[in-house]
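Paired with chain B in one complex and with chain C in the other, chain A is shared by the two complexes that follow.
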Partner chain A sequence: MSVEKRQYYFDQSKGMGIIVKTVTRLTVGIVFLFGINVALKGHLVPGGGVAGGGAIALALLSLILAFGKETALKNINRKRITMIATLGMMMFLFLGLIGLIGGNLFSTHFMDNEGKFGILKANIIPLFNIAICLLVGSGVYTIFITLIMLQVRKGSDK
Partner chain B sequence: MLEIPLLIIVPLLGVFLIVAVARKRSPVAGIISILAICLIIYLYKNVLCAIANSGSIVYEIGGWSMPEGINLIVDGLAVFMLGIVYFISFLCLLYSIAYMKNSFDKWKYYTLFLLLMSGISGVVLAGDIFTLFVFLEISAIASYALVSISLEGGALYGAFGYMRMGMISSVLILLGIAISYNYLSTLSIADVSLQLGIRNQAGNMLLNNNIVIIFISLLFLTGFALKVGLVPFHFWVVDAHAFAPAPVVMMLSALIMPVLGIYPMLRIFFNMVGITPRLLSLMMIMGILSMIIGALFSLREKNIKRFLSYNCISELGFVVLGIGIGTKLAIAGAFLHMISHAISSSLLYASAGAMDYARKHSDEKNIDITFKTMPLTKGASVIGALSVIGIPPFNGFWSKMIIITAAWIAGYKGNCLIIVIVLILNAVSFLKIQTAGMVRGDKKKSDFAALEVPFLMRLCMIILVCFSLFSGILWLSSAREAFLDPAVKLISQKHSYSQHILWK
Partner chain C sequence: MIELYILLILMIIGSIIALEVRDLLSSVILVGTVGVCLSIGFIMLKAPDLAMTQLIVQILLVLILIRATISKDVRFINSKKEFGIFIIVIIGLAVFINFADEVVNNLPIFGKPIMWVSQTYLKNALNSTDVVNLVSKISLDYRIFDTFGAMIALFTAVIGVLAIGRQRSQEKD
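This part shows the complex of A and B:
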């Protein structure tokens, strides 16, 4: 742990207590991976982009709750997260537009069904899931960031 | 038909481009949105040519066929509505480029505008009710944000009221969709109609007395009447109109309220569930109530935007009354009135917005100042008022005359009387507002600095005035056959829609 990180970690004025911080530090990665897992296996088992994106957003939110908004917003700020959301939307749209090539219909399954990788066996549905996962995760996080920022602004006015 | 999905995709692409490129350079945002809308109009022209040959086109997204997949359907009614939408929104965009020149975050405005365009196109093109609901929500959320874009207290208040009522209506519509899906196991509009017809023929269900169908119909009627702002549900309309910027109000009154409310009502009641006499009379009562109450409340208003919003409720009441009468002529009149309402209300709001732009006030006592220095705005306002009252050369006369004639032929002679009384009330209230501008104020023109609105706003008003003068042409036989008759035919013939779509 670097000096700066240690400072955040033991600083009682920012975020919650040290127990919560430790537990969050241990669980955040697991929740994040679980979200990715749910999103990537969406075409095989119940789940998909929205559920996975929600899990990822909740992982990020628990970071905000445990470590305080300054610490979290310093690492994942609003501009970056908006760009990720735009990336997700663009990815979805262009996956649909690729289907148009060759006179096909919008969002046609343009790949061969015998994909080499297991994940691509459902054609473009996993890719759609990834796009939705990016979009939902960053979107939910953006909503919470906006609420927090409004609160900060209101507090500073007083 | 490549063009059909592109009608939805092109504005979305514009949204992403603006977010990615034009956040720091706001003139670029305006250029991108103008380009997007020009491209859409070009695509729409192609769709129009294709529809003239084949009658209706089904676009299967991803190649999934009709009852199961998501489908976009273009037919007479959709082409008719899209025509109004693209014409008015192009003018609104021209207007807003001049109007929003000095506002703070322009790229946000253009982003929301294009998102709204995409949502409205989706609502009109959707072939199943759930897709329709999704696009309804997209455009509704974009319009909540657009109403509150100035972030003033009044605008936030109005947008919050609008959002509250919009959310209630969305919940009701979603409940209706869920119940109908549970009952019939299908979401496609044509397929629901077909399944209901099959069950009706098999005799295990009487369409008029089936409690589920009545419940679904009432849910949809309430939900969409909330979106239109018909009278028992009109509380959000005035506050939402009062503080929003003028181009947003133009969109709200001319497009968002009819397209998000009346168009899905037509699709669901006439093409999906099947209309019954009871529903028709319910719609007629709502139309009459909103006509009378809108006209009465507009008498006491002093702020122009609030006055015009009550007037807008009254005008949309005419459309719903025409639909409620239910004969072919009445529905044609209602469609014509939808066009004429779009033109005249956007003309009135454009002139009110020009005064706003010049004065930053729109109280009645201040009208004379702007009227004296802005002859074009004055002319536009007068012509819009004449059109709403129903003076012959202007567009309002033709549509109202057709609705009155249809009501007389169908035997609703009391309704004709009510329409005439409402027109007299409209005339009184407009005279009150206009005379306040013309007679009062003995200051000379030279007392005021010349307050000219920018060229684009003037151009927009001139175009609207021209269309207001000449839109009676639409009732001539050739134009009517091309534009109005396919839409009317689709509504008035009960089972033609599902047969047309499913056995293509």
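This part shows the complex of A and C:
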């Protein structure tokens, strides 16, 4: 750990205390991987896109709460995270619209799943889960950081 | 069956105390307790899908509530409660119970639902694709428009919050 990082780590004015910072640094990766796992296995075990996206958003929110908003917003700014939310919504829409080709209904299963294995065996349902996971995770995070910025700006006016 | 009733009674007591307590932080923590009890109840009724979603959404809600209500120090509520609101609540409860009595009598018995549509799903869902989780199959294949509407609602909420935040910054300039 470099000197500046060490000074920041022991600084009590930014974020919470050193116990919360250490525990958050250890657990945030596990929560993030758990969210991805729940979202990708949504067609096999209980879970799905909404629960997985919620877990991913929880990991990001605990980063903000423990380390202060400057550290978290340095790497993930608002423009980038809004792009990810839009990507999830467009992916959901186009996956449904591809099924319309050839006079079929909305979200018809268009892939041929014979001879595939693993995640490809269950047609387009894992793809729907990935799209929902992207949308829910980045959407909840966007709402939270926008509310934080509103609060800060209101306090600085007074 | 009796564990479920104990959980329900705990949830009712927790909600009433969360309404009546003066400390805002205690109130938010009691709301979290009610959510955890609901999640355990879902597991007892054999719905692990719902239990997982309920737990994660409840944690998100409690985090946002703590961040929104308690910024620096703990605040207390000091205003007196008005007597007129109490009378209006009692009248509303009486009307609601009067109408709910007939509806509840006509519902099917708890634990024995009428399986008109679900029977078809249970027969055909496993044959068509290799999706083992039936809840995922139903919500992403048979009821895809329902999920699509929910996602559109969430996306609209994100865009609305972003638009309000941008307007606030333009006013300041």
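What we mean here is this: the second predicted complex is superposed on the first by the 148 of 158 C-alpha atoms of A that agree within 3 Å, B and C clash if a C-alpha of one lies under 4 Å from a C-alpha of the other, contacts with A are read in each partner's own complex, and residues count from 1 in each chain.
Following the convention adopted for this analysis, a contact is a pair of C-beta atoms (placed from the backbone, for glycine too) under 8 Å apart; a residue touches a chain by one contact, two chains touch by 3 or more.
Every value quoted in this text rests on a predicted model; they were computed, and no experiment measured them.
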item: Which superposed partner A:Ala59 touches (first chain B, second chain C, both, neither); value: neither
item: Partner chain in contact with A:Thr82 - chain B first, chain C second, else both or neither; value: both
item: Chain B versus chain C as contact partner of A:Asn104, first or second or both or neither; value: first
item: Touching partner for A:Met90 - first (chain B), second (chain C), both, neither; value: first
item: First, second, both or neither for A:Val140, with chain B first and chain C second; value: second
item: Partner chain in contact with A:Ile130 - chain B first, chain C second, else both or neither; value: neither
item: Chain touching more of chain A, residue-wise (chain B, chain C); value: C
item: Contact residues common to both interfaces of chain A (with chain B and with chain C); value: 82, 89, 96, 106-107, 109
item: Chain C-touching residues of chain A, taken from the complex the two chains share; value: 38, 42-48, 50-51, 54-55, 57-58, 61, 65, 78, 82, 85, 89, 92, 96, 106-107, 109, 113, 121-123, 125, 128-129, 132, 135-136, 139-140, 142-144, 146-151, 153, 155, 157
item: Chain A-touching residues of chain C, taken from the complex the two chains share; value: 48-49, 52-53, 56-57, 59-60, 63-64, 67-68, 71, 129-133, 135-137, 139-141, 144-145, 147-148, 151-152, 154-155, 157-158, 161-162, 164-165, 168-169, 172
item: Partner chain A, residues of chain B touching it in the complex; value: 2, 5, 9, 12-13, 16, 19-20, 59-63
item: Touching residues (chain side chain A, partner chain B) in the complex; value: 82, 86, 89-90, 93, 96-97, 99-100, 104-109
